[in-house]
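Below you'll find a set of structures to go through.
Here come two complexes built around chain A, the first alongside chain B, the second alongside chain C.
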Partner chain A sequence: MSNITNDEVDVVVVGLGWTGSLMSIELAQAGLKVRALERGEDRNNADFTYPKPADQYAYGVRNKIMVTPKDGALTVRHSMRDTALPTRQWGAFVPGTGVGGSGLHWTGVLIRPTPTDIKLKTYADQAYTRGQLEEGMQIGDYPFTWEEIEPYLDKFDKICGLSGNTGNLQGRIIEGGDPFEGPRSSPFPLPALKDTLNNTMFADAARKLGYHPFPNPSANVSQAWKNPYGNQIAPCNYCGYCSKYPCLNYSKASPQTAVLDSLKRMENFSYRTNANVLRVDLHADGKTAKGVTYADAQGNEVFQPAKIVVLAGFQFVNVRLMLLSGIGKPYDPLTGKGTIGRNYAFLSVGGNTLFFKDKQFNPFATAGATGQMFNDISPGNFDGPSLGVIGGAKIHSSQATGTPIGTALPAGTPEWGQGWKESMNDWYGHSMKISISTGCMSYREHYVDLDPTYKDPWGQPLLRITFDWRQNELKLQQYLRGIVRDITKELGPDSFSESFLSMDSHWDITKYVSTHNVGGAIMGDSPETSALNRYLQSWDVHNVFVPGGNAFPQNFQANPTALIGALTLFSAQAIKEQYLKNPGPLVQA
Partner chain B sequence: MLLSKQTSRRKFLLSSLIALPALGVTMKGLSAAVAAEMIAPSLEAYTPTFFSPAEWTFIMSACDRLIPGEGRGPGALETNVPIFIDQQLASDLGSEIYLEGPFDVNAPATLGYQLPFLPQQIYRKSIAAIEAWCQDTHRQRFALLDPAAQDDVLKKVQAGEVNFTAYGEDILTSKPFFSELLNHTRQGYLADPIYGGNKGMKAWIAIGFPGARASYLEWVAQHNVQYPLGPVSLSGDRG
Partner chain C sequence: MKSRSRSLLLIVLIAGVVIALLAWAISFVLNRSGDASAQLTQQVTPELVRKGEYLARVGDCVACHTSHEGGKAFAGGLGIESPIGTIYSTNITPDQATGIGRWTYGEFERAMRRGIGHDGSALYPAMPYPSYAKTTDADLQALYAYFMKGVAPVEQKNKANDIPWPLSIRWPLAYWRSLFSPAPQASAGADAQTATTDDARIARGAYLVQGLGHCGSCHTPRALTMQEKGLDEQSSTYLAGAELNEWAVPAIRGIEHWSQEDLVEYLGSGRNRMASVAGEMKDVVANSTSHMTDEDLQAMAAYLKSLEADTERAYRHQPERSTATSDKLTAAKDLTLGERLYVDNCNACHFVSGGGASHVFPRLDGASVVNADNPSALIHVILAGAQTPSTERSPSILPMPGFAKRLDDSEVAELASFLRQGWSNGASAVDAEQVRKVRSLLSHDPVGERTLEASEAQ
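Let's turn to the complex of A and B:
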C-alpha cells in the first residue's frame, strides 16, 4: 500500500450512477476536465446480453449486482434510546454499486412530484390549523418554484424517453393522463406502454369509483428513442426481468443507455472503477475542498485533486462522506442545531393481493414500470386536513415482474408441504395487486449520523439511521386501506389478502420497500436548517455539490428519480453559468 | 412421460437403500413420496460437496417433506432441490453478510439478521442438534422417522420448539435454520436449473412459468389468454 496523487482535474465526481453520469456529461460538455470515481466494477450493455439477466436467483434473490452488506452496510435503530445494529443482510432497501449505480437496475417508474409537493410547508401552513400536525414534524419547501424546475424535469424526461400519457400540457388538462400533475412545458416524449390485464381491470374499477387513473409514467421506453445526448434507446420487449435487473434489450433508460455511450467518447472525461472514495479533503481554512481520497483495488490511498467536488454516491453515501469529511455541522436532534444528517425520511408501501381462479394474468409478460395508478390522494387533492394527516399516496396496480420465487398465495395456504406445492400450481399467474406507496414526512428525531461502534472494511464508521413509523404515516396507511378495499370489492376477486401497517407497527428492515431513501443533506433557503442551497451547493464548502435524494426535505408519494435527475441538471446549469465565472457561494446566506 | 420414468425411480430407490445401511440407515424411514417421486438418477449419483453423508440423509428427507412428491406437481427430490442447496452452501453463499461484532442476538425481529454465523454454520449446527433431538425423543435419526413424525419434527423446528441449548448451542435456535432451509428449498425448486435444482424445469412447467424466454412484445396485450409455450432455461433447454 502506498500513497499516490493523480493529475488534477476540474471536477471529480464521486459515483457513476444516475446523478454522477448526468453531472459528468453536463460539465464535460462545458469543456471541463471531468473524472468520475466509482467504487464498483465497470459494466457495459454488452455484459447483459440475452439470456444473462433472465435469472431470478442471481439478480432478484442474491442481488448479484448490488453492493454487498459486507461493504455497504448501515446501522439502524428505531429511536435515539436504542442501540443501532447493522444491516447484515439487505431488506427494506438495496443500494447499488458499479458503473450505472442503481440506475442500471431500477424499475423505471419516472413520475414527477406535484407543485404542492415541492411547496409542502406552505401548503401545510395554509391548510392545517396550528398544532393539528404531529409534534416534531419538520417539513420544508423546496427552494425553487415549479416554473424554475419544470424545464429540468422536462429535460430529464427527454433524456429517458419517458413513455406515458400527458395529463396537463401548459395548464390544459388532457384526458387519459394525470389531471393532478403540474403543468408540463411539452407532452410526454413517447406514448404509454401497453397495458396488461391487471392494468385495465384496476383502471376500470378506479374510474368507476371516481378516481383518475393513468398509465405509470415509464422509462422503459415504448418506442425507439434518440435522446438529447444522441443516445439510442430501443423499444421495450416486456421481458419480465426489469426491476432489480439490468436490461437485456437497451430499452430501460439507464446511465448506460441514456448517457454513458456519449460521455465515454468525450476526451475530457475519464473514470476509474474500484475506486472507493473515503473522504473529501478540505483546505486548511475548511472553506473549500482540494479533492478527494480514494482506496483503489490494490489498497493504495489515492489523492485526486480537483477544483470542484461532486458527491453523487447515492443519498446515504453522500451524507456519510460529508460527515466523514467535516463538511458542515452534524445535526443534533436534541438542540435541533446542525444540518448534516437532518430530516432523514423513507416511504411506506402496502396493499392487497387479489386472487382470481379464472383469470390468466401472464405476469411474466411485462415491463418493470407496467401499471396504472392514480394521484387523487396527494396533498391538496384529498381531505388530509380533516383526517389530521399530511402526505399522500400513489395507488396503483403494477405488475413489475412474474418471476416465481416469492409468489403470493391466498391467505391460509400452508407454508410448506403438499398444500404449498399445489397452491403454487393453482395460483401462480392468477393474482394481481393493488398497491399503495406513500410519502413520508420528516421529524426532529429522524436523522442520520456516524455509528459509534460499527465500521466498514476500510475502517470508517458506518452511517447510522434513526427512524420509525409515526402516527401521521400510520393513520394515512389506515385511510388508504379503506380505499384499496373499495377497489378490491369493485373487482370481486375469489379471495384477497391485505398488507398494511397497523397503528403499532415499527419499521421492519427485513421486507423490501423501495430504495427511495431521502434527506440527510437537504436543500433549503437557510444554512440554519439545510445543508445545501437551491443549487445543491454546500452552504459551508462552496466547491462541493451534492446531487441525490439527500436533498429532499421530506419524501412525496412519487418515485424520487425524476426530481433527482432534474435537481442534478438544475445544479449543473448553475455551475456552468454562474459558478465557473465566479467561484463562491451561489446564494448568500 | 412420468410413467416411462417409473423404472428409473425404482432403480434409484433401490440403489439408495443399498447405500443406506452403510450409514446405519434402514429402509423404513423413506416416505411413500420418496418412492413415488424419486425419479432423478442424477440425485442418486450425486456426491454432496458441502454435506457429510449423514447430513445429506437429513437434507434429502427434510426437502422431501417441505415439497413432497404427493399430489399435483413435482416434489423437491424429483427436481433435485437438495443438489441446489448443497451447491449453494459449497459456493460463496453468505460471503455478502456483514459479520462484524458486537452481536445482539436478542434484537427485535424488525432489525433483521443479527446472528454471528454464516449459513453454512447454521446448517451444520442445526442438523447436528436436530438429529440429537430426534435420537433423544424418538430414538431414531430424522430420515428414518415416518413422514408424519418428520412433519411433526419440522413443525417444532419451525416454531423454535426444538431446544438447541440442550445440545450445546447457546445462541442459535431452530427458527432461523428452518426459515433458511425453507427459503433455499423453494429457491432450488423455482430457480433456473443452472443452479442444480428445478430439474427438467419441472416446477416451471407445473406452475406455467416460461422461464428465460424474456420476450413478450406480442403477448403483453393478449389479455386472459393462456400463454402457449413451455419454458426455456438459461442454458437453452426447452421444456
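Let's turn to the complex of A and C:
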C-alpha cells in the first residue's frame, strides 16, 4: 500500500454507468481532459456475446453483474426508533457495479415524467386544500420548466433509439401514443416493438373501460439504430434476457451500446476500473474540491486531482460520498435542517396474475420492455384530491421474460416436488399480469445518513436508509387494486391471484420491486431545502456536480432513466456553456 | 572416359560459376536504379507532413511495420509468412541507429518504388513496391517528410528473417524485380484536388487502388513465380480474387451486388447494409481505409465499379427459394441438423430471413463469404467469430462469438452447408475434413487498430 498522485485532469467522473458515460462524452467533446473512475470491472460487448447471458441462475438469481453486498451493502430501518441492519443479500432493489453500472442491467423502459410530475408541488398547492395531504410530506418542484428540459429528454431518446408510439407531438395528440405525455419536439425515433398476446388483450380491455393504453416506450430497440454519437444499437430479437442481464444482442441501449465505443476513441478520455472512490477532497476553505481519493485494485490510496468532480455513481453512492466528504450539511429529520440525505423515496408495485387454461402467451418470445401501459392514473389525470392522495401509477401488462425460475403458478401450487412440476407443466405460458408501478412521495422522516455501527471494508460507515410505507402510498394501492380488478374482470381469466399492499403493510426489502431508489441529494431552488441547483451543481461546493436519481425531489410513477439521462445532459450543457467560462455557482442562492 | 566427363563437369561448373558471378555482378547494376542521393525538392511544412501522414494511411504502412505483440507503430518486427520462410518487417521510424533516420530521400524513393534497400540489396516483394511504383514524386516526398518529421523515433533493432540458405540469397531478387515490377511511372490520378469529373474520379481511384492502396496484393491471384498476374485494369485477372492464408479473398472487380455507396461505407466504416468486415480486411479498414476522405473512398469505389466483372456471379436472388427457407425455419418442423444449428446459434442475429440487420448484423442470403467456391473464410468466421473494428465513422464494436467450442467439425460442416445452400445461396456443401483443416489453423493473433504516436516535433 502506498500513496500515489495521478496527473491532474479537468474532470474526474466517479462511476461509469449511464450518467458517468454521458457526462464523460459530453465534456470530452468540449475538449476537456476527462477521467472516469469505476469501482467495478471493465465490461465490453465481447463479454456478453451469445449465448453467455442466457443463464437465469447466474444473472437473474445470483446477480452476476450486480454489486455484491460486501462491496455495496446499506443498512435499512423503518423508522428513526429502529436500529438499522445491513443488507446481506439483495431483495427489493439490486444495484449494479462495473462499467455500464445499472445501465447494463436495466430493463429498458424509457418513459418520461409528465409536465405535472416535474411541477408536483405547484400542482399540489393548486389542487389540494391545506391539511388534505399527509403530514410530513415534503414535495418539491423540479427547478426547470418542461420547455427547458424537453430538448434533453429528446436527445436522450435519440441516444437510446427509443421505440414506441408518439402521443403528443408539439401539442398535437396522436392516436396510439400516450395522450397524457408532455409535448415532445420530435416523434419517437423508432416504431414500437411488436405486441404480444397479453398486450393486445390488456389494451383492448383497458380501452373498453375508457383508458388510453399505449406500448411501453422501449430502449430495447425495434430496428437497427445509429445514435447521435455514431454508436449502433441492434434490432431486438425478443429473447427476454433484459432485466438483470446484459443484452446478448446489443439491442438494449446501455452505456456499452450507446456511448462507450465512441467515448473510448477520444484521446482526452481515459478510465480506470477497480478504482473505488473513498472521498472527494476539498480545499481548506471547503468551497471547492481539489480532486478525489480512490483505492485501487492493489489497495493503494490514489489521489486524482481534478478541476471538476462529477459524482456519477448510483443514488446511494453519490449521497454517501457527499456525506463522507463533508459536501453540504447532513439532513437532520428532527429539525428539518440540512440537505444531504433529505427526501429519500422508493416506489411500490403490485398487480394481478391472470391464468387462462386455453391461452398460450409464449412468454419466451418477448423483450424486457414488451407491454402496454396507460397513464390515466397519474397526477392531474384522475381525481386524487377527492381520494386525499397524491401521486399516481402506470398501470400496465408487461411480459418482460419467459425465464422459468419464478414462473407464476396458481395459488395453492406446492413450491417443490411432483405437484410443482405438474403445475409448471400445466401453467407455464398460460398466465399474464396486470401490474401497477406507483410514484412515492417524500416525507420528513424518510432520509439517508451514515450508519453509526456498520462499516465497509475501508472502515467507512455504510449508508443508512430510513423508510417505510405511508398512508398516502397505501391508500393509492387500494384505489389501484380496484382498477386492476375491473380490468381483470373484463378479461375473464379462469383464475387470478392478487398482490397489493394492505393498509398495514411495511416496506419489505426481501422481495424484488425495482431499483428505482431516488432522492437524498435533491435538486431545487433553495439551498435550504435542496443539495443541488438546477444544473445538479452542489450549492455548497461549486465544482462538484451530482447527476442521478439522487436529484429527484420525490419519485414519480414513470421509470426514472429518461429523466436521469436528460438531467445529466442538461447539466453537461451548463458546464460547457457556463461553468467553464466562469467557474462558480451557476445559480445565485 | 572418366577424365573426359570429369573435365566436362569442370567446364560446366566453371561456366556455372562464371554465369552466377556475372549475374551477381549485373544484379548490382540492376540495383543501381534510381538516385540514392536525391533530395527533397519541397520544403517540409506541417501541411506536407500531414499529407504524408494521410498517404501513409492510404498505403497502410502501419499494418505490416508494427508487431502485433504490443509493438510500437512503425517499429517493425511483424512476421510475414512467405513460401520460403518468415520475413520480418523493418523499423521505419526515424530512429538514427535502428530505423530510417539516416536515409536520404533518394534511398527512401528507391525502397518504395524500386524495391532496393538502403544498403543496395534487393527487397523481398513482401514490400508491395510493384504497386508503390505508381506513387508520384510529390506524394513520395510527403511520405518521406512524414516519416522523418511526423513519426516518433523508436529504437528497435530489426529482426533477422527466418529464411534458410540458399533461399536467403537476395541478389536473384533483382532479376525478379526487373521482370515483374514496373518502373516508376507518372500517374494521371495523383492529384486529389482535380478529381471532379467522373473520369478524373476513376483515374484518382485507379491511382489509389493500384498504387499506395495495393489492393492487388491480396485480391489479385499470383503466378507460380509469385508476381501478381496483373497490376492494373489491362489484365482481366487484376483483382479477380485469390486465396490468402487459407482465406478466400473475394474478387472486387465490378462488385455488381453492391452500390458505389455500399463500397464507400464498407471501406470507410467497416460495415454497410449487407456486410461487416472480417479477416485480414478488418485490419485494412481499421488502419487504412477508415482514415481516408469521403472523396478518395468515392474515387476508389468508382474505379472498382468501373472494372468489368470477369465471371458471372454464381448467386442470383430467387425470392421463392429465399422465402421457402425463411418459412421452414419459422415453422421449425422437421429441420435438418444444419437448419436446427442455425436456429439455435445464428438466428438470434441473422434472423430466419438470413437478412441480418443493416450495418449491424451481416446478411447471409447472397453474401460473398457464404457463396465463395472456397468455404474456408466462412468456416473460419463460424469457428473464430469476428467483430467490427471501431472506426471514426462507426465506432461500435459488435462482436460475433466464435462457435469453435460449441460445435464440432461435423456440426460446423452441416451448418456451413445449410448456409451455402439455404435461401438463394448456391454453393457446394462443406465436409468435416475442411472444417478440421481450418480449425487446426486458428490463430490467436490479435488484430486491430494500431495507435499512431505523433512525434514531439510535429
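As a working rule, the second predicted complex is superposed on the first by the 588 of 589 C-alpha atoms of A that agree within 3 Å, B and C clash if a C-alpha of one lies under 4 Å from a C-alpha of the other, contacts with A are read in each partner's own complex, and residues count from 1 in each chain.
One rule holds for everything that comes next: a residue touches a chain if its C-beta (ideal position, glycine included) is under 8 Å from a C-beta of that chain, and two chains touch if they have at least 3 such contacts.
Treat the numbers as computed from the prediction; the structure is a model and nothing was measured.
Asker: With both complexes superposed on chain A, which partner does A:Tyr50 reach: first (chain B), second (chain C), both or neither?
Answerer: both
Asker: Which of the two partners, first being chain B and second being chain C, lies in contact with A:Lys421: first, second, both, or neither?
Answerer: A:Lys421 sits against chain B, while chain C stays out of touch.
Asker: Touching A:Glu41 in the superposition: chain B (first), chain C (second), both, neither?
Answerer: Once the two structures are laid over each other on A, A:Glu41 reaches no partner at all.
Asker: Figure out whether A:Ala73 sits in contact with chain B (first) or chain C (second), or with both, or with neither.
Answerer: Only chain B; A:Ala73 stays clear of chain C.
Asker: Give one of first, second, both or neither to describe whether A:Ser262 is in contact with chain B, with chain C, with both, or with none.
Answerer: Once the two structures are laid over each other on A, A:Ser262 reaches chain C alone.
Asker: More residues of chain A in touch with chain C or with chain B?
Answerer: Partner touching more chain A residues in the overlay: B.
Asker: Tell me the contact category for A:Cys239 with respect to chain B and chain C: first, second, both or neither.
Answerer: A:Cys239: touches chain B and chain C.
Asker: Just to be sure I read the superposition right, which of the two partners does A:Gly429 touch: chain B = first, chain C = second, or both, or neither?
Answerer: first
Asker: By the touch definition at the top of the document, which applies to A:Glu528: first (chain B), second (chain C), both, or neither?
Answerer: A:Glu528 sits against neither chain B nor chain C.
Asker: With both complexes superposed on chain A, which partner does A:Asp125 reach: first (chain B), second (chain C), both or neither?
Answerer: neither
Asker: Once the two structures are superposed, pull the chain A residues common to the chain B and chain C interfaces.
Answerer: Residues common to the chain A contacts of chain C and of chain B are 50, 52, 235, 237, 239, 248, listed in rising order.
Asker: For chain B, which residues count as touching chain A in their complex?
Answerer: 65-68, 70-73, 75, 95-100, 102, 104, 107-114, 151, 154, 158, 182, 185-187, 190-192, 194-195, 203-204, 206-217, 219-227, 232, 234, 236
Asker: Which bits of chain A are touching chain B when the two form their complex?
Answerer: Touching chain B: residues 50-57, 61-63, 68-70, 73, 76-78, 83, 85-89, 91, 194-197, 200, 235-241, 248, 359-360, 362, 364-367, 370, 402-405, 407, 415-418, 420-422, 424-425, 428-429, 453-455, 506-510 of chain A.
Asker: Which positions of chain A touch chain C when the two form their complex?
Answerer: That would be residues 44-46, 49-50, 52, 223-224, 226, 229-232, 234-235, 237, 239, 248-250, 257, 261-262, 264-265 of chain A.
Asker: If you look only at chain C, which of its residues touch chain A in the complex?
Answerer: Counting only chain C, the residues touching chain A are 345, 347-349, 351, 357-361, 385, 387, 390, 392-401.
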